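You will see two complexes here that share chain A, one where it goes with chain B and one where it goes with chain C.
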Partner chain A sequence: MGKNNRNKAEDLNTVPFKTRVRPYLIVAPSLIITIGIMIPFVMAIWFSLTNYSFKLPNHKFVGLKNWVDVLSSGTFWNALLVSLLYGIISTVVEMAIGMGVAILLNNLNNKLSKILRVLLVFPLMVAPVTATIVWQLMLNSSVGIVEKLLNVFGIFNFPWAASPNTALMTVVMIDVWVNTAFIILLVLAGLQSLPKSPFESAKIDGGSAWFNFINLTLPMLKPSLYIALLFRLMAALQEYAVIFALTKGGPGDSLMSLSLTAYQTGFRFQKFGSALPYILVLWLIVNVAAKQIVKRQRAAQKQAAGLEE
Partner chain B sequence: MNNGKKRLGYAVQNLLLIIYAVFALFPLIWMFIISLKSDTQVFTTTFVFTPTLSNYKEVLLRSDYVSYMIDSLIISGGAVIVSVIVGVPAAYALARYNFHRKEDLAFQILSFKFAPEILVVLPLFMIYQKLGLYDSYLGLIWVYQLISMPLLIWVVRGYFEDISVEIEYAAQVDGYTWYQIFFKMLVPLIKPGLVSAALLAFIFAWNSFTFPLILAGREIQPITVAITKYLGTDTAHYGQLAVAATVSAVPAMIFALCIQKHLVRGLSFGAVKG
Partner chain C sequence: MKKRLLALTLGVSMTAGLLSGCGGGSNDTPATTPADNTTEAPASDEGTDTPAADNTAAAGEFNWKAYEGTQIDVLFSEHTYADAVEAKLADFEALTGIKVNYSSMPESNYFDKLNVELSSHSGTPDVFMTGAYQSWEYASAGNMEPLENYISDASLTNPDYDYADFIPGVIDALKWDCVPGHKVGSGSQWALPMGWEINILTYNKDVLAENNLEAPKTAEELLNVAKSLHEFNGSGTYGLALRGTADWGTIHPAYMSMYSTWGAKDFEVVDGKLVSQVDSPEAIAMTDYWVQLVKEGGAPQWSTYGWELAGADLGARKAAMMWDADRGGYTQNVAGASAEAGNLAFGMIPYPESAGKTEADMKSNLWTWSMAMNADSSKKEAAWYFMQYFTGPEFMLWSGTEGACTDTPRQSVLESEAYKAAVADAEGYFEAFSTLKDTASIFFTPHPYFSETTTEWAKTLQDLVVSNKYSSTEEAMKQLKETMDAIVSDLDVE
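Here is the complex of A and B:
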């Protein structure tokens, strides 16, 4: 539908100069506003090569010193590990639960599923900082209900965010609580837009439900799944608010991700120049991952289009 | 036999769904319950208690919480208005015209969504202090464009693409100018999509944390930043903490209910039509 329109729109462009410039003029303000914000982005690369600090009156070029210092420090590798662990674990868990729940909602076309389709979106609308508070009220050992529940099973004072061993699990759980709904919504939309005819012919051929799922549903769902993966993984690798609000990166350095380390180095330790390599590395990872996922998404889309015919 | 198996499967599926629903929804219910408990009953009771509005009174009347909400409203509302004014025409251009490097441009706008917020914010902190934009409404509304603008452009573009070009041709033949066609015909047609995209952009902006944390904080404090104050102090006023959380979450949930049908499209930036 959309593509047809665009092809027809070409005819519009064969006419006057005024019409030809119009699109650029119309897009320009939005670009000026957003690119104005992106200038800092280029500056970040420059400042990562200086000893800029809020404490010093001037700054000077120091070459790759910050980069060498950062990349040779244990702090960096720990931060990289935390970011990757957080990003990958939360995305995988969210994708798995989200797909499962979406398939259940789609299969069970009953009252329960219709109500839940509306209600399950709520956590996604809660700010990450607020979500952290919601879970503190749940997990807190004096007012939390989870503690009371665990007491029944003989577990007392479960540490949650207070111990380095369980802190990552706790923040991932909060992330899962907030963001699984995103995957559910996208997969559900994908499931509901699947064409009917391939499934009807499969029914005549008498394939099992599992066979149909693997050979029909999954390949046709793949484009939506890649979109969900793209948005989730990009956001999870950079997650900042949940960790900051819950423990500020602690206990110890167990949750000091790249984002948090950059924030701390830049603002608490006032070492602006050496804060930037952390975050530039993160940007590089995010960019490369995004390109890979987009590439696969396009391939999956072609494959799915083939199946529909 | 087969029938019994089917019924068991149906029951298991329902059960799994209910388990997930409890995980997703109970924390919100619990937050609401705690918000109604008095400071002593928070510790002594679970589900049976005497509800009180004292926490709401304390937070909404006797603290600056309402002024934080107004700050959030001004910044998020302002950001969305700017995005609508500037973004809707841009979305139209990206949907209708074929021009040099169009897709590159569109992707460039989307890629702002993936830029790590901290990376943008570190140098911006410095620039804002020099320009006097630090801790100002204008500064925050500007940086919030990174949240609201890509969303608006990508979603609204999809709705424009769904409108047939023939309608525009017909109106042109009838002698309407481009501006008349745009405002009298196209805008009403995309209105549902536009309103949902704007509301979703508002929710994202309302929930934003990193930008205001670093670029504001003294004069201007949106709710997400202000709420961390309730977190830090361990004064055991859990009821008030719950109220603060409830009050910040409820508007977004109500908006989400209003735009249900368009949520998928908005959340996936138009990539999934839903």
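Here is the complex of A and C:
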């Protein structure tokens, strides 16, 4: 036994230096990036335990005070609710519309499909803040084109983002306009990569379109759908730009999400120690959601490949 | 890993420890006085551009070339005042030999960027734009350099500078002794005004004439006129444009002017603590009136309105009147700037007759964009040269008459014939400034949590106008008082 180990050590010494170092060099970039991510993350946890503020000449350790204050405040629970509602509603709507449009595009003839693809992807090229400002003008009660259209149906001065009852719907609507194209692209790519033979067999067997969709398209498309869901849900839970550009979180606290509350507390009120628990809770939610989706995506991928029932 | 984290954490702690502010010592004794610096050569710049300091400064004679070769960084918010400075940068550089690295950014993100820059204590920017309210936060954190010793130093200040020429209410708005609860007007001079804005009524003469209405002078008249102009030009048009977003910008212009004119206060010092007064009878009565004004005469989407949308609606004949900063109305009235240019006229502060107030009680809460010096700057003297040049009488006469900065903070400019000629087309504008300059002031109680308390205040107004969260204004203001008291609870007042 001892002799064998000695031989292995001797063998390692004969391995050229470059070969021995190579694994470390390959891992190095990932390690550096990980450290780069971990340092601010660990510092964020540390500062959430202090009263760190731009306004104070010094900061001190305050234990769990910030966490207790945040978790026991109505502001936090309202922000959590807003973030979850915004994230879930906008993602579900975008997934539904995106999948429907992608299937339609996939069934259209190539030329029309190409033209529509370019047009439908256009919103994705617009910065969310710019899109929001354009929408703000379109929804304006005196000059907005949407208002003029509603006037035809006898609806005047629809409040849109100005009322707490319709504000969430308005920001979700803008988010859907900007980001649905992302789902369309991913699902369309997934649809076009599906094997043709199962569909040809189903056609010979006389399978209906609905049968094909439920039993062939959807199961094989699931991995792509999970990827689309993963990206959109993560981004939607962290959404900041659309809400800030449209209402800055108002009216009242009706659109104060976790991101916006953290920004306001940290930058506007300059209380970083108090702002960080909001961000860390958001990180936890996004992390848990992402892990669950990735787990299901892997299972779906195996299923689609016929490796698992 | 642990050592690296510890080192980083310590580094941040030490940096934060270097912060020194009003609380870091006597308020009358800035950490670095110009006298300290003038005995030494000016600090070196980056690279090889070491300034060729002229000894005349140390000898007591003012010399514009004393800091020739120095480079300074200037960060401004995009504004008419900043445009005027930018237009004359070449003149300043030619006069002084000081190189200016100038940058500006939109107001919406300006203070976020500035907060990060100042808190990093990197020393840049050397000069920045600020308002009085923000200076309460920056001065308390030790980020601003007190200016009184520069102003009084004959070797550093042009003898023609004429500090006494500034309108007292405006220059006093930028003084504070850093004690929460103490009013502005005493203590260090933290910044110098580039311009100032009074918050007055602007109205469309044509619209009022077409509807046989007189320009309102009282709060009651304002409410009636605003109500009667509901949809005066079709669906979505309305009587009075006001700000309504969930931040301090909604409170400080018209609302605070009316609030103060009504006789209400934001805080009082009680037993060594700041105590909110927003639930006083005057505050509740005024806010009740305000909510009615917005509901019956304001924009349908008021809660999304900042000064940009309010001004745009006035200029596009969507709003018949606006109560906001004079500048918003003035810029819409310049020929070619808007559809209603030339049709706008300026009033003053509608006072509440029902509360027993008269014209003598009119109070305009003022805003002053001003320039301040970074306490961490290593080129303070050169920065001061920049500041005195661009707040000096010569530049301000030009900016006030030719540079579109018509809300001049200098008395000599306001009284000049050239100025009167420059604003002659804006009906009522000169009269408003002449009348209100003696009573306009900052009516907020200074404290470092200004942004937080006023954001809560604005959110309460939004809730009162667009939701059913509160059964009455009184209930809302009592709740707001509790919130504001909690925010300032850790402040000790002498």
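In this text, the second predicted complex is superposed on the first by the 266 of 309 C-alpha atoms of A that agree within 3 Å, B and C clash if a C-alpha of one lies under 4 Å from a C-alpha of the other, contacts with A are read in each partner's own complex, and residues count from 1 in each chain.
To be clear about the criterion, a contact is a pair of C-beta atoms (placed from the backbone, for glycine too) under 8 Å apart; a residue touches a chain by one contact, two chains touch by 3 or more.
Remember, predicted model here, so these are calculated numbers, not experimental data.
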Identify the partner contact of A:Asn157: answer first if only chain B is touched, second if only chain C is, both if each is, neither if none is.
second
Answer with first, second, both or neither: which of chain B and chain C does A:Ala305 touch in the superposed model?
neither
Is A:Trp177 touching the first partner chain B, the second partner chain C, both, or neither of them?
first
Which partner does A:Gln238 reach: the first (chain B), the second (chain C), both, or neither?
first
First (chain B), second (chain C), both or neither touched by A:Val101:
first
The chain contacting more residues of chain A, comparing chain B with chain C, is B
Determine, under the contact definition given at the top, whether A:Ala209 touches first (chain B), second (chain C), both, or neither.
neither
Output check: A:Leu186 vs chain B and chain C. Expected answer is one of first, second, both, neither. What do you get?
first
Could you tell me if A:Pro29 is touching chain B, chain C, both of them or neither one (first, second, both, neither)?
first
Which partner does A:Thr247 contact after superposing on A: first (chain B), second (chain C), both, neither?
second
Once the two structures are fitted together, what part of chain A is touched by chain B and by chain C alike?
39, 43, 136, 140, 142-143, 267
Given the complex with chain A, which residues does chain C contribute to the contact?
1, 4-5, 8-9, 12-13, 16-17, 19-21, 23-24, 112, 115-116, 118-119, 137, 140-142, 234-238, 245-247, 299-304, 313, 316, 318, 448-449, 451-452, 455, 458-460, 462-463, 465-467, 469
Tell me, which parts of chain B touch chain A in their complex?
10, 13-14, 16-18, 20-21, 23-25, 27-28, 30-31, 34, 42-43, 46, 82, 86-87, 89-90, 92-99, 102, 105, 108-109, 112-120, 122-124, 126-127, 142-143, 145-146, 149-150, 153, 158, 161-165, 203, 206-210, 213-214, 223-224, 227-228, 230-231, 236, 238, 241-242, 244-245, 248-249, 252-253, 255-257, 260, 263-264, 267-269, 271-274
Counting only contacts in the complex, chain A reaches chain B at residues 1-2, 5-6, 8-10, 12-13, 20, 22-24, 26-27, 29-31, 33-34, 36-41, 43-44, 47, 97, 100-101, 104-105, 107-108, 110, 112-113, 116, 118-130, 132-138, 140, 142-143, 145, 148, 177, 180-182, 185-186, 188-190, 193, 224, 227-228, 231, 234, 238, 240-241, 244-245, 259, 262-263, 266-267, 272, 275-276, 279-280, 282-283, 286-287, 290
Within their complex, chain A touches chain C through residues 35, 39, 42-43, 46, 52, 54-59, 136, 139-143, 147, 151, 156-157, 159-164, 246-254, 264, 267-270
